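The same chain A turns up in both complexes below, where it pairs with chain B and then with chain C.
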Partner chain A sequence: MTEPLLSVEGLRVVFGQGAREQVAVDGVSFQVAAGETLGIVGESGSGKSLTALAVLRLVPSPPGRIAGGRVRFEGRDLAGISEREMERVRGARIGMIFQEPMSALNPVFTVGEQVAEALRVHEGLGRREASARALALLQRVGIADAPRRMKQYPHELSGGMRQRVMIAAALACRPSLLIADEPTTALDVTIQAQILALLRELQREMGMAVVLITHDLGVVAQMVDRVVVMYGGRVAEEGTVEQVFGRPSHPYTRLLLESIPSLDHDRDRLPTIPGMVPTLAELPPGCRFHPRCPQAMAVCRERAPDAVTVEPGHRAACFALPQIHPVEAQSGAGA
Partner chain B sequence: MGEFILRRLLAAIPVLLIVTLIAASIMQLVPGDPAAVIAGQGASDAEVAQVRAQLGLDRSFVVRLGEWYVGLARGDLGHSLMLNRSVGQAILERVPVTLALSGVALLLTVLIGVPAGVLAALRPNSWVDQLVLTMALIGVSVPNFWLSLMLIVLFGVIVDWLPTGGYVPFAEDPVEWARSLVLPSISLALLQIGLLARITRATMLEVLRNDYVRTARAKGLPRRMVVAKHALKNVMIPVVTVIGISFGLLLSGSVVIETVYSIPGMGRLLATAIFSRDYPVIQGGLLVTAATLVLLNLVVDLLYAALDPRVTYDRR
Partner chain C sequence: MTAADAAQPPAVPAGRSLLRRLLRHRLFLTGSILFGLMLVMAVFADLIQVAAPERMHYRFRFQNPSWQFPLGTDNFGRDLWSRLVHGARLSLGIGFAVVVMTGVAGTAIGLLSGYFRRLDEPLMRVMDALMAFPAILLAIAIAAALGPSAINAVIALAVVYTPRTARIVRSTVLVVREMEYIQAALAFGARHRWIIFRHVLPNSLAPLIVQLTFIFAYAVLAESILSFLGVGPPPPTPTWGNMIAEGKDYLREAPLLALFPGLAVMLTALGLNILGDGLRDVLDPRLRVQHD
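The block that comes next holds the complex of A and B.
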């Protein structure tokens, strides 16, 4: 197998210093192949957005910082390169779009300018050339009347249009990887479907890989090839969509899937997961999920489970799984 | 836009009328008699009364004020009781001096205050930040008349580098003009530099936390560009308002500074006029000062719209 496009190993992100240090991302590992779509699923506070920001070295610092792990991308360890080199990766090789298209665009610059500037910085284009490319990009992401829209400011555009502008800006330099952090959460349902369709189209056209971060399991099912389920800053389960959704192995994944409303099952009450997502300050010892887990055992309170291979390409971190394919402990995930 | 400016200028007229009315009424309540000042210390009551009649001060306040407004409508601000020239002429001589002083002070305020605040915000709690905050605190707490005296002693007396006072018009000698403004403008600006640095720092810290700053970094823009372009333009929106207020305060602060450094500007003209109860000069001076502030506010509002596309003054 060739080297994956992006390979994250044992990533740790912590907040605060010394005794007040809190671990927000704890030994997270995953890989993304070129052209593939990976979904990272989890509730708020699971560390999924921080994981994405850490790949681009954009964790707000202080108070946060990357405390360990490796991020290999296109054959280089992004943790080891200089900030100048990192700037040449951001926006050029890895694009990123965010949840709130209103606050993610600068209110005092025209949308045309905000799409064009990445081209000027990374490809050294002149103002006129960059502007022409920006216009073509805006037309490509489906903005009607693009020449007029170019000169408008974010507050003059609808939410869906703003997210299209964000996509145009993120893809301006044809990156090989797009990280989309909850790209449709703030949008109306009909707009959501359009944006997702657009992302899929552009992905096929440009042959880029996509990391889609979401809490929406429906979006995952229709968009992604493989999925990583996160809980409490750790990876709970990982596999293809058929594996994870069809044969969930981690109790958390199972409960998560059962809580999706379905037209086939006529139920009065939707099952919910008892308890609440723990905050960073009150993360339990051992397996992060044990206080809410129906199958919790004594060992779950003491140690964190290592990932177990359930079937080829499908792994989960749970002591309740038969330990038939123990894999070597992932750096940072054990102990 | 043109309509907005016109509306604002028309709205300024009643403001200026009320300012002059209040100023005249207050001066009427202050004890003191310009006729006695002009007649001299040894003058008899009859002589004083005669001077008063000559000046027209024996007529009632309402009549005199009415006359002043009639004159104003013709563009005539009256005649000074003491200076042997028209009020308009006296003000025209003094305005360029004060504008030069407060203009240079404003330049110092903006060119030092904004960069200092930005630098402090980029490295919060670093030594740069501590230095800026400490200097700002000193600037805000030191009274400017005391600072003036210390600067005069240091640069004018101990090391004889700069003139201790006086003013040389630009047209006469540009170098001496600049030298004569160094100490006064620093004395005047220090307080405003401190305030502006603190406000710029706080605003920049807030702006840097915005999502669009993260987007700009995610696009791979160099940090310098993220700060100087994306953050700074947003910082300037509230800061421009503060700069406008600063300029108003610089104008009023010039009364003290012009007196300490013997600079013949509007501030000293007004201060002298108040001591000698030169009513027409006080009236005219306050009118010009108030009009300047009204114009200043208008300029700030226009700058505001130029910086922030969400602000528009066109009626729909």
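The block that comes next holds the complex of A and C.
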């Protein structure tokens, strides 16, 4: 098997120092093959966005820092390269789009200038060339009347159009990996579908891999090949969409899936998961999910479960699972 | 005000509509006319003078306003109008130089300490130390130590007003640097220098511009105070402060000698202040509440 495009191993991101140190991402591992789409799902505060920022080495520091783990991308260890080289990776090899197309565009520049920005930074293009390329990109992402639109400011565009602009800017240098952090959360449902369709289309066309971060399980089901379910800074379950959605192994995943409204079940009340995602300051010991878990056992309070292979390519971290194939314990042990 | 409003920095709107909104603003218009008149006086001083400002007409001392001497003459028989317009040139010139120096230094310090959090503590403690002294006292001390001259007055005033400007720029930068487009620019691989000049600075300009108009007003006022106390440009240089200082000895006999330069200082400061208020209303309406 060839080396995956991106491989994250035992990633740890912590905030604060010494006794006040809080672990926000705790031993997260996953891999993305070239051209593949990986979904990272989790509630707010599960560490999914931070994981993405850590891949780009953009964790706000201070107070945060990457305390451990390896990130390999295109055969290089991103932790080991200089800041200069990292700048050449960001935007050029890994593109990123954000949740709020509203605030992710600078209000004082026209959208054309902002799409051209990455080209000017990375490819050293002059103003005119960059602007011509930006026009082509804006047309490619489906902005009607692009020559006029590119001279407008972000506040003159609708949310969906702004997200298209963001996509154009992120893909300007044809990255091999696109990280999309909740790209459709701020948009209404019809626009959401259009943006997702556009992303899929561009992904096929450019052959790039996509890491899609979302809390919308519907989006995941439509878009991705494999899913990583995160809870409390750790990976709860990982596998293909069919595996994780069809045969969920972790109690958290099961509860998540049950809380989706469904058309074929006639239910008065939608099941919810009791309690809330713990804040960093009050992370429970042992398995992070045990206070909310209906199957919690004594051991869950004491130790963090290691990932167990449920079936080939499908792993989950739960003591309730039959321990058939114990996997090399790397995730929890690094703490 | 919602959190989203507070987080969104004021956008500097496109040129034409900005100008239109400014011209529709009555305060701004009044202020710019007042200040504009002073500016015209300063720029065309050589054309509208009736005599050289230092030329003494011994036979015409303490003249009342007349066709020959529009505002009368002083104790040396120098034409007051001519001195006033040349004084405008110097006083506004000093004010402008202070604005430029303060603007550059204050922006640089504010950007550095707001953007690079490690520099924040050391830089801001130095600024605090400077702000601990009453502004005008510190300016007098610096000007006195450097010796009386126009350039030294500019330096003294710039040192005094830089901390305030730096603080204002810093506080805007602190808001702007948390904007998602800064994160986006980082994710596009932009360097810090690029981000600071292309993203942070343009979005921090509005409060700075407003602040600089007020600094202009303070500087004109402070310059006349320095001159009045004898630590500004030395006489017979016609600055407004010098003219007031010389005129005060004859306040009873010839009140106009101190009155006209005093009025000039007042109208300039007034004009700049209401111009700044108008600018603030248009550029950054959110600041209105805090300032009043």
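Criterion: the second predicted complex is superposed on the first by the 330 of 335 C-alpha atoms of A that agree within 3 Å, B and C clash if a C-alpha of one lies under 4 Å from a C-alpha of the other, contacts with A are read in each partner's own complex, and residues count from 1 in each chain.
FYI, contacts are C-beta pairs under 8 Å (C-beta built on N, C-alpha and C of every residue); 3 or more make two chains touch, one makes a residue touch a chain.
Everything numeric in this text was worked out from a predicted model, so none of it was measured.
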| item | value |
| --- | --- |
| Fit or clash between chain C and chain B when superposed on chain A | clash |
| Touching partner for A:A67 - first (chain B), second (chain C), both, neither | neither |
| Which superposed partner A:M166 touches (first chain B, second chain C, both, neither) | both |
| Which superposed partner A:A104 touches (first chain B, second chain C, both, neither) | both |
| Which of chain B and chain C A:I191 touches, first, second, both or neither | neither |
| Superposed model, chain B segment overlapping chain C, candidates 4-12, 22-30 or 40-48 | 4-12 |
| Touching both chain C and chain B, counted on chain A across the two superposed complexes | 56, 58, 87-92, 95-96, 98, 100, 103-109, 117-118, 121-122, 153, 155, 166, 169-170 |
| Complex interface listing, chain B residues touching chain A | 209-212, 214-223, 225, 230, 233-234, 237, 307-310 |
| Residue numbers on chain A that touch chain C, as the complex places them | 56, 58, 62, 87-92, 95-96, 98-100, 103-109, 117-118, 121-122, 153, 155, 166, 169-170 |
| Residue ranges of chain A touching chain B (in the complex, touch as defined) | 56, 58, 60, 83-84, 87-92, 95-96, 98, 100, 103-109, 117-118, 121-122, 153, 155, 166, 169-170 |
| Chain C residues touching chain A - in the complex, by the definition given at the top | 7-9, 11-12, 14, 117, 179-181, 183-191, 194, 198-199, 202-203 |
